[in-house]
Every structure is written in structure tokens, then in C-alpha cells.
Amino acid sequence: MTDLVHVLYIVAFALFIYGLMGLTGPRTAVRGNWIAAAGMVIAIIATLLTPGESNWWLIVLGVVLGAVVGVPAARQVKMTAMPQMVALFNGVGGGAVALIAWVEFRDSHAYANEPAYVAVTSLFAAIVGSISFWGSLVAYGKLQEILPGKPISLGKPLQQLVNLGLLVVSVVLAVIIGFGVDSELLIIGVLVFAAVLGLLVVLPIGGADMPVVISLLNAFTGLSAAATGLALDNTAMIVAGMIVGASGSILTNLMAKAMNRSIPAIVAGGFGGGGAAAAAGGEGAEDKTVRSTSASDAAIQMAYANQVVVVPGYGMAVAQAQHAVHEMGKLLEAKGVEVKYAIHPVAGRMPGHMNVLLAEADVPYDQLKEMDDINGEFSRTDVALVIGANDVTNPAARSNPGSPIHGMPILNVDQAKSIIVLKRSMNPGFAGIENELYYDAKTAMLFGDAKGSVQSITEELKAL
Amino acid sequence: MLCRVTSDTGVVVGVPRETAAGERRVALVPKVVERLRAKGLAVVVEEGAGLGALIPDREYEQVGATIGDPWAADVLVKVNPPTEEEVGRLREGATLIGFLAPLTSPETRDRLRGAKVTGFAMESVPRISRAQSMDALSSQANVAGYKAVLLAAEQSTRFFPMLTTAAGTVKPATVLVLGVGVAGLQALATAKRLGARTTGYDVRPEVSEQVRSLGAQWLDLGIEAAGEGGYARELTEEERAQQQQKLTEAISTFDVVITTALVPGRPAPKLVVAQAVEHMRPGSVVVDLAGETGGNCELTEPGEVVVKHDVTIASPLNLPATMPEHASELYSRNVQSLLELMLTEDGKVEPDFTDEVLAKSCVTRDRES
Amino acid sequence: MFLANLAILVLAGFVGFAVISKVPNTLHTPLMSGTNAIHGIVLLGGLVVIGLTASGVLDKILLVIAIAFGTINVVGGFLVTDRMLGMFKNKDKKGADND
Amino acid sequence: MLCRVTSDTGVVVGVPRETAAGERRVALVPKVVERLRAKGLAVVVEEGAGLGALIPDREYEQVGATIGDPWAADVLVKVNPPTEEEVGRLREGATLIGFLAPLTSPETRDRLRGAKVTGFAMESVPRISRAQSMDALSSQANVAGYKAVLLAAEQSTRFFPMLTTAAGTVKPATVLVLGVGVAGLQALATAKRLGARTTGYDVRPEVSEQVRSLGAQWLDLGIEAAGEGGYARELTEEERAQQQQKLTEAISTFDVVITTALVPGRPAPKLVVAQAVEHMRPGSVVVDLAGETGGNCELTEPGEVVVKHDVTIASPLNLPATMPEHASELYSRNVQSLLELMLTEDGKVEPDFTDEVLAKSCVTRDRES
Amino acid sequence: MTDLVHVLYIVAFALFIYGLMGLTGPRTAVRGNWIAAAGMVIAIIATLLTPGESNWWLIVLGVVLGAVVGVPAARQVKMTAMPQMVALFNGVGGGAVALIAWVEFRDSHAYANEPAYVAVTSLFAAIVGSISFWGSLVAYGKLQEILPGKPISLGKPLQQLVNLGLLVVSVVLAVIIGFGVDSELLIIGVLVFAAVLGLLVVLPIGGADMPVVISLLNAFTGLSAAATGLALDNTAMIVAGMIVGASGSILTNLMAKAMNRSIPAIVAGGFGGGGAAAAAGGEGAEDKTVRSTSASDAAIQMAYANQVVVVPGYGMAVAQAQHAVHEMGKLLEAKGVEVKYAIHPVAGRMPGHMNVLLAEADVPYDQLKEMDDINGEFSRTDVALVIGANDVTNPAARSNPGSPIHGMPILNVDQAKSIIVLKRSMNPGFAGIENELYYDAKTAMLFGDAKGSVQSITEELKAL
Amino acid sequence: MFLANLAILVLAGFVGFAVISKVPNTLHTPLMSGTNAIHGIVLLGGLVVIGLTASGVLDKILLVIAIAFGTINVVGGFLVTDRMLGMFKNKDKKGADND
């Protein structure tokens, strides 16, 4: 490597870092992405300037092939299919690493004349690259619905045993190579066992957890790239790979936290299945499962909604959450969301109970909607946020002639596109009856004292 | 203009002018008349029926009512129980909807029965979620609770809110509400709005959470007496003595006491004894909403405002009547809901007595033996 | 050499860590996509190996595939990220007058 | 018990019972008497002076006042201007502190001058930051603004707060305050507390920010008329016509109008013309606090509550007197501050007339030519 | 350097970075400092392990000398004298760099057999180290009041010309060395001219700006250490020096921004003079400078206070900030801070103005304190937070008989240990007069709409 | 070697930059003091030069001074920083039960 190449590499990774810094804020993200891309161009040019570079036609062939596949794929993919695209791109990156490691093994005759670290890093790259490649492919397949979205698993303990076994075998094979045994079968074995491991780890994971998994595989691919860089003594690869590895790990953690999942639980498999199925399936209140959600999730849903209708009830009064609710409402409005408050005539425990509280919190009069005015709007409401209301939202009043509240006019909360219910438990309200609404597939429960829950949502909104 | 009106299409609803002293409400307001007209009912309103509520006759005419003699109508809607004379003017087989005081004045019922009139008493509508839109006790108690606080503030020689001013700091008034049903809750809410520090007390234990939900404190005396249908039961002699004693201690620290405690069909419990009033600071106020059944305060003179031991004791008898427009509006909506429950598809009045609400609220039936 | 590279590796790790300390949830997916594009840097490995050491036919085939893979990773990654970030292009205005 | 009291140590302060009709305030409350006693002053209180405010004589005695004839005291503190008879009872060379109506009843001043009494008029205390603790106009206007809203709510046939109930939704009352000085601000604040939607209007432009600072809307008619000392000036004929016309349009949309507009020493501006009242919804309320100087509403009958065009128009004349305890308390603190300003270190009353506050508030001096 | 040394260096700088990350948050700062110190110990041990290390007695001598001077100085210095101590420590660091550069020049016979970069970095280190050393000494002298605190300057344009001249001369001398001229006079010349430059740059700067200048010199010393590291091929020095250089530059910028100064203006001299006197002197409102602060700073001050008294005024009403204020108050209480609200009788524009608003926001009655009750408490109040109040806090009412508000009782806010004022500008309040309080050395202004400011403070509090 | 060091230098710069992105004012002075202590690393320079290359007496005197200076910088720096941070030590408990 010449000094020029070296300096260009430094420039390149400086651009990566600078671009990545930009990507962490919504305002600078677009520019940041292109700055990083510029870094990549410089890194590639620098590499091509390396003295002794040859095989130009093959390089052109590879690049053209890649561009022909990658560019249209990236351009035409639908917005909703983005996640699987990212999985795919990540996968091929891992695949490249695995292939390079394989070639290196062959060229160096099992690292015959190389220092130990080359063997170690290269074999690490082979294993991790292979896991990433195949794992990402499965993730892609699941999201693209080529593979079934539901978890496919051998059952938890067995599955984990098998996975561990696969990992051990491939590492052992790698160690054998490290001790100088030069057999192509060995490296192929390493790659294959890692591949099977990648498949089996991702298969049992449900669709809802996929983003976290993709991020994890992304971090892995980064680490394998860094390892390849160490093996090839290539600064740009070391830095870029490591940055991705480190930032990717943190990102994975953040994503998992935001979704209320733990990474070990996800990787152990099967956990996210329920949520995934419910979210995907769309009906299924028959077996009466309740979906619970997190404050951050509620915050995101509302922040990107066009219209949110807040349905306060006695629980808001008990929690004295009115000020918190209004603060949240204002924040949503500042984000361009239309916020309305649906006041049911008998919400609370006295006539006008909600009015007293919301007036105290200074909620503008125009946002308070009577039942008759708001009921028509629920069908075009993205999120109905039910805060400590129960009976006044119970669809049984409309649909179940046997119900003691049958005939009472209710707020048609169940017609909203999605429903978030804030209450402390599954206990009934004043009328002492169950509320079907909570078992609706569109409904997510956020359990806890209404004030606390609203405050958490508010904080999450601020962080968005 | 006074002539009998019949409707070709069906039922005629009559709205008389209320004759009770101090009554300013009217059983139907123009807005509700309009809705009933839309359902094909004819409405006859007595001349000047809305005047007490500052609703001129022309407003009724504008929505299609006739000004005339309401007493010949098929359905007569009233606020107060009819006098003997009024019962006499009712048509046989007619239906009467209104407060009929079935528990406290059985003679009205007897008279109606005699006149072969089907009477629906608004106070007998059951307190169930479904029937809340017909619950005139609630809607009127709500007005009473609000007005009770305004009255207390009016009578008080002191400010309700805290005020830090150049001429000194005024402490917020402390308000105690005894008996926290619908009226009591609204009283707590309104007093809090005005800036007072509020405390509530009741014998039904579930009320404590409701009191707190209005930002008020709960006064816990350790006596529980929940009765049927969401109402309280009467206390035993021993409980009563204990309650009075503990309350006497508590009351002396309050600037304003508002009492709303009732037990259906029984005389109002005496919660504030003479001694308690004596211990209050001079200039304090007691507003007793239970005057009609004898009052919650021993020194109450129903319908009067008196000053005893330098404490002002007011016992207004018909507070909803002092806010006639909205009180009438809410009441007429209650009446409308109940009336609509009796109407058949083709606009006839045929109450289905298997319906809990109608069964419970009906006090006399014309076809009764 | 290796030790200098190790120093570089550690520092790069810290950079990655320090940069992504607290990112808004909404940016998680584009950020993941953006870092994904960056590790397309593996393309360099393909270029170096094919240019300097590759010999056999199998090697060459494997490396052409690797280069193609790397290219897909790079160009696809950046393009997809840019498209994802499209949502911030217009939304920025909406948010802008509130900070 | 009626005997002359002198203090060995110095000045005697006298507190008579107010004789004006409907007046329930007293110039000094026991708390303030206590503080004056601590400064070495003797206080003589007329029998029953505090009764209107429900303050019994014994409370005065407990803090060291004597019950007796206050008229012989060195300093007499009153609320209302003295009658001719009362001036006659004042000692020559005495000092009188109270509302003396220097601008509207010059005859009081002449009589005091004749009696060789030094008179300090509470209404003439300048409106500067330092003198705010002596500013009885503010302290009493504050009471008036609060009470005006209670009165409006009491008179209204409607609710102030919004209420969504099973019997229908009640819209919040809309309240317009015309003339937003101290009383107007307090009225806005109190109406808002009660849940009404509030709007303020004034001719002094700086008031708009103050109105908004109470969560109220500002009605902008584009007429500015700031005068001296923080007061408004009288409008020109043309401005007045324009104002009346624009206000007439605006007023018809409000349920309650509270007027407090005053120009010192001038008749109250007429803001609400008869036609404006006519256009208001039946059942609306006008409370006119400017009754004493003729009223801001053309149909006002000072001191009366009348219904015209189905609109209730109330013009209470002395609202602070309806909340006597706190109004007296605040007033006596004002008096106390002013009195303390006149006291020398050794407890004599020797006003320093180079002090702006004393110079401006003094209306007659005994040593005057 | 052996591999072991190298690895230990990597461990050492990793600890530096980790420690530094800790230093950016109040919770982790103490630990962060000791982690960095541990890194330093490892770096020193590693260096001593370098094969061929000798002159042990001299090393011991130097270290003992340093410890004997440094430890007691650091232990005994008064809290108020901390800044000058930091200046001194920074200075000697710079001095060490300059001395090492000098020795290197001598040992290598003017870099005779060294690559070009060694000469460049070493001479850079010499210049910057010398500037840092002498500049820091002046800063120390000024803060310690050995030198006069007031700016000492030749007059702006002349001063700047002289400074530029000095810089040019020392760089030219260095370039001559670089071209291979081996004369000890040259290096001494470089050091001396840089020294004079250091003196002259810092002398005209006033005491109030000193912290910014020290931070700047600190960053310089870091860069010179990094340069020395490059010259000596010492990874630990490169990383540590560069981190300090980079973070120091940003820190300098942040500090300058927080004090409303621009760095060029400070370095150009004479600007900060006034404020210096005010801040140092303690009285001297005569020249009237105002210190402005940030929401995060206000948040930390309050979070670590025992008692905070909130003083609301008309500005809180105008901003309708009452709900935000109460939310902030609750948060502080949750952190164990005692919060009280001091209500002045004439705050706002009507009697009881503050009461109406605070009652609306549901501030508990017990926390509202009348003037007479709270005035005695200010002297034991850590932070008085003045929210849009002005006249009612004006000490002129007590102290200035000529003031139109003289004699009006006021809230004795000026007796609090520190005061934070939230308002939009320096405009006066109702009485139309200036408020001395704002020029008090204990007062920091947080400019902006009260509601916005309170909300920012709240967010910062949540982040703590 | 120099180029690897240059890479390290650039990365270290980014680390410094990324770590100190937003620090509360109150921590400015302790942070300044803490970074000050870290550049006491110059002590290493003195140790290396005195150990490996120093020859003349003047050299040795200069280096002993340099080492002394470096030591002052290091120990003084960390100790002073710790004392400054004293304010955060005891208060920490107070805050702890709220997160």
C-alpha cells in the first residue's frame, strides 16, 4: 500500500464517521448518508490505485453485476418492503466476507506463511460472515413472506442445544485449520456449519422481532469486515467494519429496548411469536388474548398518526392525569397530529366530570368533542387513546342485547384504526362487566397508573 | 287562543306553566320541542310557560308548538307534582310525566289513580347506566350542587380563593361537603374551581375514590352505610351519635359546610348539630340542600337564610329553579328520553312495562284495578 | 503492524460507540440501513484479493461473486437509506417551526 | 360604656360603625387593631362596629381595643365619606382617613375644611408600586371583580362551565369584561375559574397582554385611549360612537357582560347601548359595576336588578360590602399602611407632606388657610 | 517498544476514553476521573517496561520532585482557587513538552537522521508547548492576583501586530531548523519567541474570560502532547494528546458560548475585561455585565440544591408557564430538593394573579409562601429561580432611596446563594426601572420565553 | 509507522469530538481539569527520552525538570479534578432512588 492509498483511506473513514454522526439526527441524516457514500467512493478509488492491482476485467464484471442487481432493487422496492431489502443487502455483505475468507484460505494454503493473527481474523470472518449471510437470507424470506412468518422451531431446549453444537463444531474445525491442517474440506465445513447455524437461529424468530435481528446481523457483518481488514492489513476496512460493529451493537440494544424485548430472549427464539401473529393475523379475539404494549411504542404510533382521539374516563380522574394528558396532547399537536378529546356524557362519576378536569388542565374548548360529533370520526382516526375509560367504550352496549348496558350510547372507539388503552389492570369499570374492546386485535393495553403512563408516553414523544 | 288541540298524526304533548312558588323551570324547552315535533308529536305549550326561564312564547312557536291549553293533551309533561286542581284538569287515560314525589307525597299518587291517569315519576327512574339520560334526579342535583357553591360564596363574608395581595394574604376557604352524591360531587368540583380547599364526606365507602378524583380530600370517620341501588341506608342510633360527635369536631375548622345527605324516603340525617355551628368561626356559612326533608343541620330553617351564632345558614329549597334555562334544558332532555322509550314505531304512546326503567318509574296505570 | 491496527480497531470501536449514544427511535431503521451500507467496505477486500493474490479459476469465480455481493451491499445500501430518509425531507418543515 | 378615651402614651384611633345603607364593612378589623396596639396606639371601637361583617365586639376587646365613642379620637378611620352630622362630631384638629370621594362630592371636603379636620382620601393614593399596600381602590375593586362574577353566575339562567352530561352537553358560558382594570382582571380570572370562556376589552392597549396572561381572549376594536397615572382618558365623541357600534356587534355573542369601565372624576362611559341589550340572547346577564357614576350600560338602574328584553341587568352599588370580612380586612391593612406612614418614631401623627403618597392623598389640612 | 508495551498503551488510552465519557455526566464523573487516572498509571508502567529504559535515579528524582510539589498543592488549594491551579498544572504540562522538544533537538543534532515528520512535529510541540507554559503562568498569576486582573494591553491593533510578528518569527526559526541548520540558538529562539507570544496573548485578557483561555491553552497542550507522541512514535501520547486537543477545543467553544463570548474576540484581547472585574470583584455593578446561562446548567444547579425557591412574576403569567413550572417543581421534589414558591403581594398585574395561575396548575397550597415567611429563608436557599418577575425582586427598593420603588417590600432574592432569572430580554418591568439583581455576580440569566425555558430545564432534569 | 499513527490521530480526534458533544455547563470546569490531567501523558515523553536517548548533563537536567513538570500535571490534575467533583459525590444518593 502506498502512502497515497493510506492517506485516502484515512480520508475515507473520516467521511464515514462524519456521515454517521449526521445520520443520528433527522435534520442531517440525508446529507450524512451521502457523505458516507462519498467516503466509500474514495476508499474504492484508493484501493484501485494500489500498485500491482490487476484482473481489471474481473473487477469490472463483479462491479457491474452488483450494480445491475443492487441499483434497481434499491430503487424499485416498495417502502413497506424496505426492511427485507436491508436484510438482503446485509446478507450479501456477509456473503462477500465469507467468500473472501475462503479464497484467502486457498491462496495462503491454510495461512502457511502468515502470522497467527491473520488465520484467527480470517477464520473469524468466515464464520461470522457465513452466519450473517444465511441468517439474513432467512430474515429476508420471512419478511418477504416467502418463508412463513410464524416461528419455526424445534422446541426451545433442543433448538438451543443444536445451535450450540453447530457453533462448537465450526469453531473446532477453525481451530484445526489454525493448527496448520490444510484441507479445503475443513474451510467448507466451517462455512457450512456456520451457515446452518445462521439458518437455525433466525428461523424461530417471529416477524415482529425481525428488525432487531437484522440489526444484530448487521453488527456481525461489520465485525467480520473489520476482521477481514485486520487479515488484509487494510485500515479502511478495520475502521469502517469496527464502527459498524460497535454502533450496530448499540443500535440493536436501543431497538430491542424500544420494543420491550431483550436480545437474548429474541435470539433464544419463539418469544416474539405471539405478538407477531396477532399483529399479522388481524382477527382472533375468540381466544381472548390481550396484547400489551410499551410507552415508546404508543408514542411512535401517535407521533406518526394524522388524527388521535383521546377518550378520557373515570381512571383519568382517579389518576389526576389531566395535566399530563394535556401536555401530551400539545406535544402531539406540535408534531402536526390532530388531537381531539371525546367526552362521553357519563364518563366519570358525575355529570361533567371530564369537563372539570380538562378545563383545569386548560384543554382548549374546541378540542372537546361530544359523543355525537366524534362518533363519526373514529373510522378515520389512526389512534384512539383510551385513558381510564371502560364502560363508555364497551361495544357490548351496541352488540350484546344481554348486556346490562345494552342500549346505552357509547363512543365507537372500536372503529378506530388502532386503539391504545391505559388502565391498571383488567378489572371492570362501574358497571362491573367485561369489555370486549380489550380483546380486539387492534387494541393494545398499556398497563399502569394513567398519569405515569401518559408521562412516559410524553417523554418518549419528546425523544422522537 | 286557548283551545283544544289534537294532532291528526297522533299524540299531543302538553306543557303547562308551573305554578309552584318560586318555580322558574319549564318541562320542555324549545330545542326539545323541535325534536319531538320531528318525531311526529304535536306540542301544546301554555302561554307564558317559559317566562320564568326567560324563554319567550315566540321561541316555542318558532319550532312548531302551539300556544294553548296543555291540560287536554295525551301526554302532559310537568316539573313539579300536580296540585289537586291540576289533577282535575287532566284527561282520563292521559299520561303524566314529571316529578311526582311518590315516596314523600302518596296523596298525589292516589289522586292520579283516581283520575285514571298513567303517571311516570322521574325520581323513580332506576340509577343504572343505561337510564342515565332519563335521570332527572342527577341532572337537577348537578345544578343544585353547582348553585349551592355559588350561594355559599355569595353568602360568605370571605373569599374562596387564596389571594396574595399588597394588602395582605387571604387564605383559601376550606369547604366541607357532607354527603357526596351527584350534588355533592358537583359542589366539590365547583368549590375547587373557585380556589377553595375541598373535603368530602359520605357514608358510602366507594365515594372516597370519587372525592379524590376531584382533587378533594376525604374525611374518614370510619362509618360505613351503603344501601341499595347506589343509595345510602339510614344509620343506626349508635352510628348516628358517633357520626355527629366526630363531625362536630371536624366541622369547626371549615369556613363553609355544604350538606346534601339524603336517604330515599326518609327524613334527612342530622349531620350538623347546633353545637357544631356554635363552634364554627363567626362569618362561616352552612348551605343545607336537604331542607326539603328537614335539613342536615339542626338549625336549618328550610327555605330561609338565617344567621345563628354569627354563622350564616342557608337552606334553599329549589336550587335548580334558580338556574331555569339550563335546568329546564337538562330536565326536558330527561323527559324526552323517557318519552321516546314509551313511543312505538308508529308514534303511539304504549309503554312496554317489561322494561325495567318504565316499570320502575311508573307509579299509577290507568288500566290498574 | 498488527498492534497499530489493533489500536485503530479499539479507537474505531469507541467512535462507533460514542456516535450512536442516543438516537431517536424513528431513526433506528435508516441508521441501521446506513451502517449496513458502510460495511459494504468488504468490497475493498474483494478488490485487494482479486488484484493481488487470486490465482485459480475457482478463486476468481468466488471473488467475482464477492465483488458483486460487496457492490450490491454498497450501492443498494446507500440508495435504500436515502429513500428511507425521504420521510425527513418534507417532515422537517413541519417540525421546524416548533423547536 | 360610652365615654371619651385618651391614651397616656399617645394617639387614639377611633373606629365608628358605618352608617351608609347596605354597608357591612368596618374600617379596622381586630387583626389590624392588634398591630396598631403593638405600635403604642390606643383604639376605640364603636359598639357593634363589626357586626355587619359578623365580627363581634368581644373580638375587638380581646386584642386590646376599648368599646366606646370613637368620634373624639385623634385619628378617625372610616370606610365611607362622613355625613354632615358625622363631620360635626369630629374633634377640631383631628385626622380622618377613609374614602372621601374628593372628585365626586366636593361638599365633603368643604365640610371637613370647615371643621378643621385633616382628611386623607383613600381613593387619592397614587397608583405607584410603592403605595400598593395602601391602595384601597385596588383592594376593594378586587373584591368587586370577584363578586361581580358570582353575581352574574347567580343571576344567569345558565351554567358557566361546560358540562357533558347524559342529558346533553352544556356549552361554556362566554363572558365579556369591558374595562379591564383591577376589578376587570379579577372578574376575568374568576369567570375563567368557573369554567367560562372569557374575553376582555379595554381602551388602554397595554391591557391586552394582561388579559392574555389570564388565559382570556382580547377583543380588539382598534380604539386606544390611555390617560395619566395608569387610568384611561375619556373618549372623543367620534371614538365613542365608533366604540359603541363595534361593541354592539360583539356583545350579542356573549352570555354574560361585566362592565367596570371608569374614567376618574367623569361619568362612566356608556359602552352597552339599549340596542346591544336587545340583541343579546334572552336569559343573558349584564353586571354593571359602574352604577355609582351612572353605569356603563344605558339600561342600567343603579342598585337594582332589572330584566329588560329578557336580559337581566344588575348594577350592584357596593359589592365589597357584600363580602364584609375580607373586604374590611384588606381595607384595614390599607389604612394601617397609610397610618403608619404618618407616624413618627415616637408615635405621633405628623404626616410628612413631601412624601408623594401623603401629599396626593391629603384633601384637607387643618392648618390650611 | 515491545508488544506488551503496545498492548498496555491500548488499554491505557481505552481507559482514558472511557473515563472521559464518564466525566460528561454528573453521576459518573467521579468514577470517570479515577478510571482515567488508572489508565495513566498503566501507561507509565508500560513505559517503564520499555526495554533499554535507564537513568532510573533521575526518573525517581523527577517524579518525587513533581509529586512533592503537585500533591500538596492539589490537596490544599482552596475551592475558590481551583481555576488557577488548573492553569498551573496545564502550564507545567506545556513546559514539559517544550523541554522534551529541546532535548530531542539536542540529542538528534537538529533531527539529522530523522524523517521529516519528526522535525515537524517536534518543533510544533516546542512552539505550542512554550506558548502554553507561559500563557498558563500568566493566567495563573492573574487569577491568583499576583498580576493585576485588569487587561494589560498595548492597544488592540498594535498588540495584534506584535503577536503576529512573534508567531512568524518563531515559525521561521523552526523552518530554518527544519532545513537542517543545527544551532542551539535557533531552538532557544523558537522557545523564547513562543514564550513571549504566550505572555502577550494572555496578558490583555480579563479575569472573567480566564476559564475559556485556560481551556484553550489546555487544548493546545493536548495537541503538543500528541505531536510529541508522533515524534516519539508513542501511541498512548498520540491518542491521549489528540483526545484532549479535540475535546478541549469543543469544550472551549461550549464554555465561550455559555458565557456569551467568541473565542477570537477573547484572544484578540480586551473584550472580557469588564466582566472580569465584576465577577472577580464581587461588587462593581458599575460596569454592568450580565452572565447568561443554559437550561442544562440551571437544571444541574437545581438538581443538586437542597432548597430551591421559585419566584414567579408577571412574565410567568404572560408566558402561561404555570403548568410547566409545577411540573418542574414536582420533578425537583422527586429528586429530594425542597421546592417553595415565593409569592410577592404585587407580583403580576392584579391582586392574587400568581395564586390564580398556580392554583390552576394545582401547586399545593403549602408550598405557596408569603413574602414575610419566605424572606428569612433566602439566605439558606441554594437557588432562587426567578420566573418573569422583575420589580418585586429589585434590591433598589431596599438600598436606593432615589428609586421610584424605594420602600416597597421586596423578595430578598439577592440573598440566595445563586440566582437564575428567566426572562426574554433585559427590558424592565412595570415600574420601568433597571434591576441591579441582574448584574449581581451570583445571578445567571436564562433568556427566552419563560414557558420554553422552564420546559427545557424540565427536560434537562429528566435527563440527569 | 507514521501513517498508522496518523490514522490513530484522526480517530482519536473523532473520539474526543464525539464524547464531548453536549456537556452541562456545571461540568465544564471539572471536565477541563480532567482533560488537563490526561495530557499529563507528556510525562511518558520525558521517561522515554531520559531512558533511551538523553546524554549530556543539560539534557538530563532539562529532562528531570520535564519529568517533574509532567508528574505535577498528572497527579495534581487528577487530584484537583476529584476535589472539584466532590459536589457530585454525596448528592448522588439523593437522586438515586428516583430513576
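We call the chains A, B, C, D, E and F, going by the order they appear; numbering starts again at 1 in every chain.
In this text, a residue touches a chain if its C-beta (ideal position, glycine included) is under 8 Å from a C-beta of that chain, and two chains touch if they have at least 3 such contacts.
It should be emphasised that the depicted structure is a prediction, and the values quoted were computed from it without experimental measurement.
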Neighbouring chains common to chain B and chain D, by label: A, E
Smallest number of contact steps required from chain B to reach chain C: 2
Maximum centroid distance from chain D, chain identifier (CA atoms): C
More contacts between chains, B-E or A-C: A-C
Farthest chain (mean CA position) relative to chain E: B
Whole-Å gap between the CA centroids of chain A and chain F: 40
Euclidean distance of C-alpha centroids - chain E vs chain F, Å: 16
Chain C: positions in contact with at least two other chains: 1, 4-8, 11-12, 14-15, 18-19
Interface hub residues of chain E, defined as touching at least two other chains: 13, 17, 21, 235, 239, 345-346, 351-352, 356, 359-360, 362
Where chain B touches two or more other chains, by residue: 132-133, 138-139, 142, 161, 163, 165-168, 170, 193, 195, 215
In contact (per the touch rule at the top): chain pairs: A-B, A-C, A-D, A-E, A-F, B-D, B-E, C-E, C-F, D-E, E-F
Contact footprint of chain A on chain B as seen in their complex: 128-130, 132-133, 138-139, 142, 182, 185-186, 189, 192-193, 209-210, 212-215
Contact footprint of chain C on chain E as seen in their complex: 3, 6-7, 9-10, 13-14, 17, 21, 235, 239
Residues of chain F defined as touching chain A within the complex: 3-4, 6-7, 10-11, 14, 18
Of all residues in chain E, those that touch chain B in their complex: 343-347, 351-352, 354-356, 359, 362, 365, 368, 370-371
Residues of chain E defined as touching chain A within the complex: 323, 326-327, 360-362, 459, 462
